[in-house]
């Protein structure tokens, strides 16, 4: 297990590159880019090594650092959990980050941007934090790095701080996600308070569990009724399942924020203000995936709560459809991609909610590849177009920049979900899972699954449409502007990453061709095996994070069961056929509408819907109103109250005393006779008072 | 051990020397003088970590107090007052915070303070003396001497070198906090005389109050409760807690920046420190009876302060109100009576001391350059002074509770400790969650302020060229930022000793 | 012999007459005389009760009082003189430069 | 923690030597008169001032020596015994010596400061001798043990004071002040005398211990060659007459201590009088009034006995009323003054209210007297330095021709930092901040109120000291914070005044660490009563 001893270096290398770039960047060639490339390259290599080790059946779950040593109270530690899931995520993150670093040479350095050290420092810090989040073995550590990636996102979105847009977008991104993280934090505190640990997977020594994980504890509490040690339940006065559902939903708040799910999705489109490589890395492939990854990471905790599952599925399905519709009418290429990203993460949530753990991870993987590809392709186009992102100013670029075109096409086919590109396999599996579990389960769960499935299915059509609308507008037809006629060229450092990802986008789907596997009976659903682990013993027994166990939990506890009216094969093929057909239909419609030398805008046909889509369902408006229209005025009122009433009382006391002082000194009239009078009066009063008390007269 | 005496003597004599020194050298001289106690206290800190492993609470185990010294002083009509000092895990970090922050504040004053320097720096050192005394005194009257002694330099520092409304702010701070001290004194002494105390040493008091019985009923409530309330008021003004906070924004806004640094960084901690020492260590039962109302006070302060910060335009006012908010967390943590709750509250004193000091200092550095603190008067400063702005942004995120910075550690521990606090019962999760919402609001106003002032196209009408601040302005910021990060990455540097000294208090309450 | 209460009444009456004079008259000299009356009221008590109690303490005290009264008048007259020099009047209600 | 020095053989000396501090002052006064009669129009200020300073210092030194030597402490307690003189008319106990110390030190300060202040005036010898005579009266007053000697000593204090206030006889203010002081004083002493006569009527005696015996036993007493005896067959004490008498005695001491309702003279007298005299009256004369009050009510009118008898006058209640009224009237009036001197005058009234707590902070059954008395004594001693110092600073300002109003002090700190620093110490110490002994003495009083749970007194103290902090800091603000308006006003630094002010400041500061000695001596003295 030598790989695991070096595993921390995966996180630390990019952090070092962050320090190097920040403090030495402007004294280095390429402003610190090389440091970043070297670091991420190293991390990539180590990740591969780790992945291989995991493939060899080895897993690792240890504490490496004690953050707060609690005395007579919970101790808070950092630790690494390296199992198939995190190993896979490590690969994704390091790979994309590595490619993005290279791409940035073309996108930033060649464009003579200023502040490159800041840029590469940001990338380095982000990569480090993201990797830290991925390997985290407990909820608190995950939350901390979750926040750190948020910071990096803020810094990188706001990279061009001299303009007005980016800082505002950065603020919005951090604020909206922070709102989600607020619930996440409550969830973290709640989990630790409830179970006394935030561990995702139990830590074992020689087969003995030395530190139990909270999903397992929760499972025991719900399944075996072992609630003795959980004092929190009495405090809140809820049953275990209910309370765990509450906790799960609280954590979900952070997920919805980071993975840009409805209603906290509004920050992501604005985040496109950042440099395109950043969008590719952070806002498509990795950070946005953090939310989904978190749910997958602690899936055992959600799997025992049907309510949470239903919510996740519904949110996912709705977001998938909702975002896709908005993507239909956008004119900037990156906007289209942004909404498609939201939509795609909706699919992953749908999968997780509807018991498709593997499907979700699968789609997470493929999406990371092809969406990074699409963004980088868009980046290349943007370079060519001198940073003009409006697709209506493009056109006919495919001959000028073939590499970009074909890579982009591959990514688009994947996104649209066309056979045999990656997206097809994963998206199909997602929908399949939703369908069969919707058919198989009972009650509200089933209903919500079916509804979610329907929305997801409909979204497939829109996805196909907006994807190919984008492709045609950008690359096909006649160039519509001079820049499009004579685009700025791009160099190897742009083409290289595109090529790599282009190939991957076409092929990565093959890691889990479930339909083929079912048909041929050949065991080629590698990802399935990867996440399922060996039948008994091995890492699943140790970590209890295998999809097989999740399946049992879903079935036994949450009551998620599969129903296949047309038999397993039939149902499988049917669902595949439906989704593929819809995707093709969407693509076809786009083709008919936007093919040809000079396409025209058809969005007006949508009528009032167009305005609705264009304004993103007025989501931003109401959220901005909540901030500036409601909270800020309230704050003003409270300020008035503070100045007027609270402080007014304080000042009032002093003015009253001074006023009474003014009155009192008037007694001193200056006339000595009055003094004698008052003196006598005082004496007489005392005499009278005491005389009456003492009964002298 | 005469360590504490040495600290007091050096700063006091230094104050005298600096006062008499010519203005030209006063700043450098003061920095040099204040460096001595700073280094000394760092050494003491190190010694504490290495030699006094697991030292208990100074009030509850006076036996193993560090750097202790006791000399009988005054016979006060049958009550013995003594020069009695000593440190434990609670006071040691606060002492180090005081000395370090004073040195940095003095350095940061070189630029803005341009008249009557010798008096200014002399008073700063005099204030340091009092603060050291407050955190190290273990005899009530000695402590009270220093507690009141802080007012005098503060009055002048605000009144002489402050902003336009400095006179109002100074006298308000002066009288308001003095009234608070008097009320607190009344509450405490009502108890002192109702027990058979012969000495005013804090440990003796703690002992006597806990075992006090058969106390009279005054104004319809047990004397213990009455005293607790009076003392709480006395300290709540200093903290400050809603609704006794209104002196703070004025004082902060009018005070010169180095003074604001001390005010937010250390003076507010006097209040929470005293709450912990007196109300929560001496009267734990009452504290637990009143836990829920007190927690509500804390939560209200958190939200109220944050909301008010949202309404401000003056950067200093923003930080001032957010200090109220952060201090609210401390109250919440204290009433929890759990290790992480009380420990986190104490740690928050350190963390907030560093971070708010850092915030005020960076605001001050920006002000030195731009001569305005108003959000909206300026924009795009990041263009002109990247390092200052970089540190400012880091400080702001530290204030928002960014992980791996001290603020997050403190706030998380408080939340963790309060969430299942037995003293709060089933209200605990709700109150904690409510308090947590502060982290959203704080992000709101700080991000908004940063966007308006630091980013966007540079715009500021000046008749000089705006450029990066001098090194001696930025250096203190860097040091503080470093400390914030170090404590955020490894809280146990302070938190371990804090816990060791807090646990006895919790055992009193029967909490945890 | 005359009951001691009547002495008390007499002295009280004298005392009140003196007080009345002080409260009503503005002339500094009459003010002084009124004070003399009040002191003598005290003296009446002393003498009366000295006889009543049969010890000489009271009578001794009376001597003191007389002497002191004389001294007081001496100082008083002096002050009245400077008063007259500065305010050219002996009306005690005129000097009101200092008040409030 | 009171350290005993080499015990002087009191037994060896004749009893009257115990009065040495008083005699020192008296002799000095006579010497001054002698000098004057030798050279009637002498203007050798340094000689006159020198003599008086030396005289008062001697008296101070003797008093301190006796205190330390243990005079007034019963031999049983390792002391030298308590000399009782003139058939118990005078008693030199620790209480008396304590106040002799106060009087001596204040007199020294005042005469030292007068060196510059009265230099330009004629009749300096008379001035100094009058000061010394008044001081003699005060020292004597602190030793009186009988209403008779008390009355005489009181007048010995008053008569020179009237003259001193009127010393600037060409100055309308001075004369007006003297007039008011004198008239109120005359009335008050008449009331006092009448009160004494009634007490005599009720008890048949004037000696404090005898009066106490009479009240406790309910039987008329008489004193036959020094020993108190009951007069058999005589009617018991009539509580009504005694009560009226006690009330009028309260009036008498209220006048001396400038307590409501006999305080009306104080603002004018302090404002109009020469500043050193204002300091002298507001510190030493007030202290003298209080020592009388303390002694009379602690020894002559035993509170337990009075409370035990339903019809009797519970003077604790009376003093509680007076204390609260005095605090409020003094401080609230001071808060809104325009002139610094008058503000100090009112604040001095307010402080009389604080010290009255010494007699007011007793439990309903009359316990706690020792504690509260010692608090009052300690406060008076500290007050002797800080208040005198403050008035001497006013004298300095008048010497410089700085105006009387607060604004006139603007920026004075730039021109005379040392003196202004001293003034700051005085003011903050008066306000009860821990820069001077006033901090301890005030909180001593404060704790005295809590000692017996007198919440009303405590509340009054809180409100008023907060207010006092406000108006004292007005002066500080003017001196240090406000900008000076133009021309330099300080051209010379008078030696005498400066020495006095600085000495007072040093003493005030040193009383922080040295408060132990004051409080323990005071407490012992109070317990010995």
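Letters A, B, C and D mark the chains in the order given here, with residues in each chain numbered from 1 onward.
The working rule: a contact is a pair of C-beta atoms (placed from the backbone, for glycine too) under 8 Å apart; a residue touches a chain by one contact, two chains touch by 3 or more.
Since this is a predicted model, take the numbers as computed values, not measurements.
K.L.:
Between A-C and B-D, flag the pair that has more C-beta pairs in contact.
P.N.:
Pair with more contacting C-beta pairs, A-C versus B-D: B-D.
K.L.:
Can you figure out the chain closest to the middle, judged by Cα centres?
P.N.:
B
K.L.:
With centres defined as the mean C-alpha position, give me the subunit A-subunit C separation in Å.
P.N.:
Going by mean C-alpha positions, subunit A sits 97 Å from subunit C.
K.L.:
Once you find the CA centre of subunit B and the CA centre of subunit C, what distance in Å lies between them?
P.N.:
Computed value for the inter-centroid distance: 64 Å.
K.L.:
Taking the mean of the CA coordinates per chain, how far is subunit B from subunit D in Å?
P.N.:
Chain centroid spacing, subunit B to subunit D, equals 43 Å.
K.L.:
How far is the middle of subunit C from the middle of subunit D, if each middle is the mean of its Cα atoms, in Å?
P.N.:
Distance between chain centres, rounded to whole Å: 25 Å.
K.L.:
Of all residues in subunit C, which are in touch with two or more distinct other chains?
P.N.:
19, 22, 92, 95-100
K.L.:
Enumerate the residues of subunit B that touch no fewer than two other chains.
P.N.:
If we look for residues of subunit B contacting two or more partner chains, we find 175.
K.L.:
Among the residues of subunit A, which ones contact at least 2 other chains?
P.N.:
Each of 654, 665, 668, 670, 672, 676 in subunit A touches at least two other chains.
K.L.:
On the basis of the stated criterion, which chains touch which? Give every pair.
P.N.:
Per the contact definition above, the touching pairs are A-B, A-C, A-D, B-D, C-D.
K.L.:
Can you tell me which positions in subunit C touch subunit D when the two form their complex?
P.N.:
Interface residues on the subunit C side: 4, 8, 11, 15, 18-19, 22, 28, 31-32, 35, 38-39, 41-43, 45-46, 48-49, 52-55, 57-58, 60-61, 64-65, 68, 71-72, 75-76, 78-80, 82-83, 85-87, 92, 95-100.
K.L.:
Which of the residues in subunit D come into contact with subunit C in the complex?
P.N.:
By the definition above, subunit D touches subunit C via 148, 151-152, 155, 158-159, 162-163, 166, 169-173, 175-180, 182-183, 186-187, 189-191, 193-194, 196-198, 200-201, 204-206, 220, 222-223, 231, 234, 241, 267-268, 271-272, 333, 342.
K.L.:
In the complex formed with subunit C, which residues of subunit A make contact?
P.N.:
Touch list, subunit A to subunit C: 665-666, 668-673, 676-677, 680.
K.L.:
Given the complex with subunit A, which residues does subunit D contribute to the contact?
P.N.:
179-180, 183-184, 187-188, 191, 239-240, 243-244, 247-248, 250-251, 260-262, 264-265, 267-268, 310-314, 317-318, 321, 328-329, 332-337, 346, 463, 467, 470
K.L.:
Taking the touch rule as given, give the residues of subunit B at its contact with subunit A in the complex, in rising order.
P.N.:
For this pair, the touching residues of subunit B are 172, 175-176, 242-243, 245-247, 304, 307-308, 310-312, 338-340, 343, 380, 382-383, 397, 400, 402-404, 408-409, 412-413, 415-417, 419-420, 425-426, 428-429, 432-433, 436-437, 439-440, 443-444, 447-448, 450-451, 454-458, 490-492, 495-496, 499-500, 503, 506, 512.
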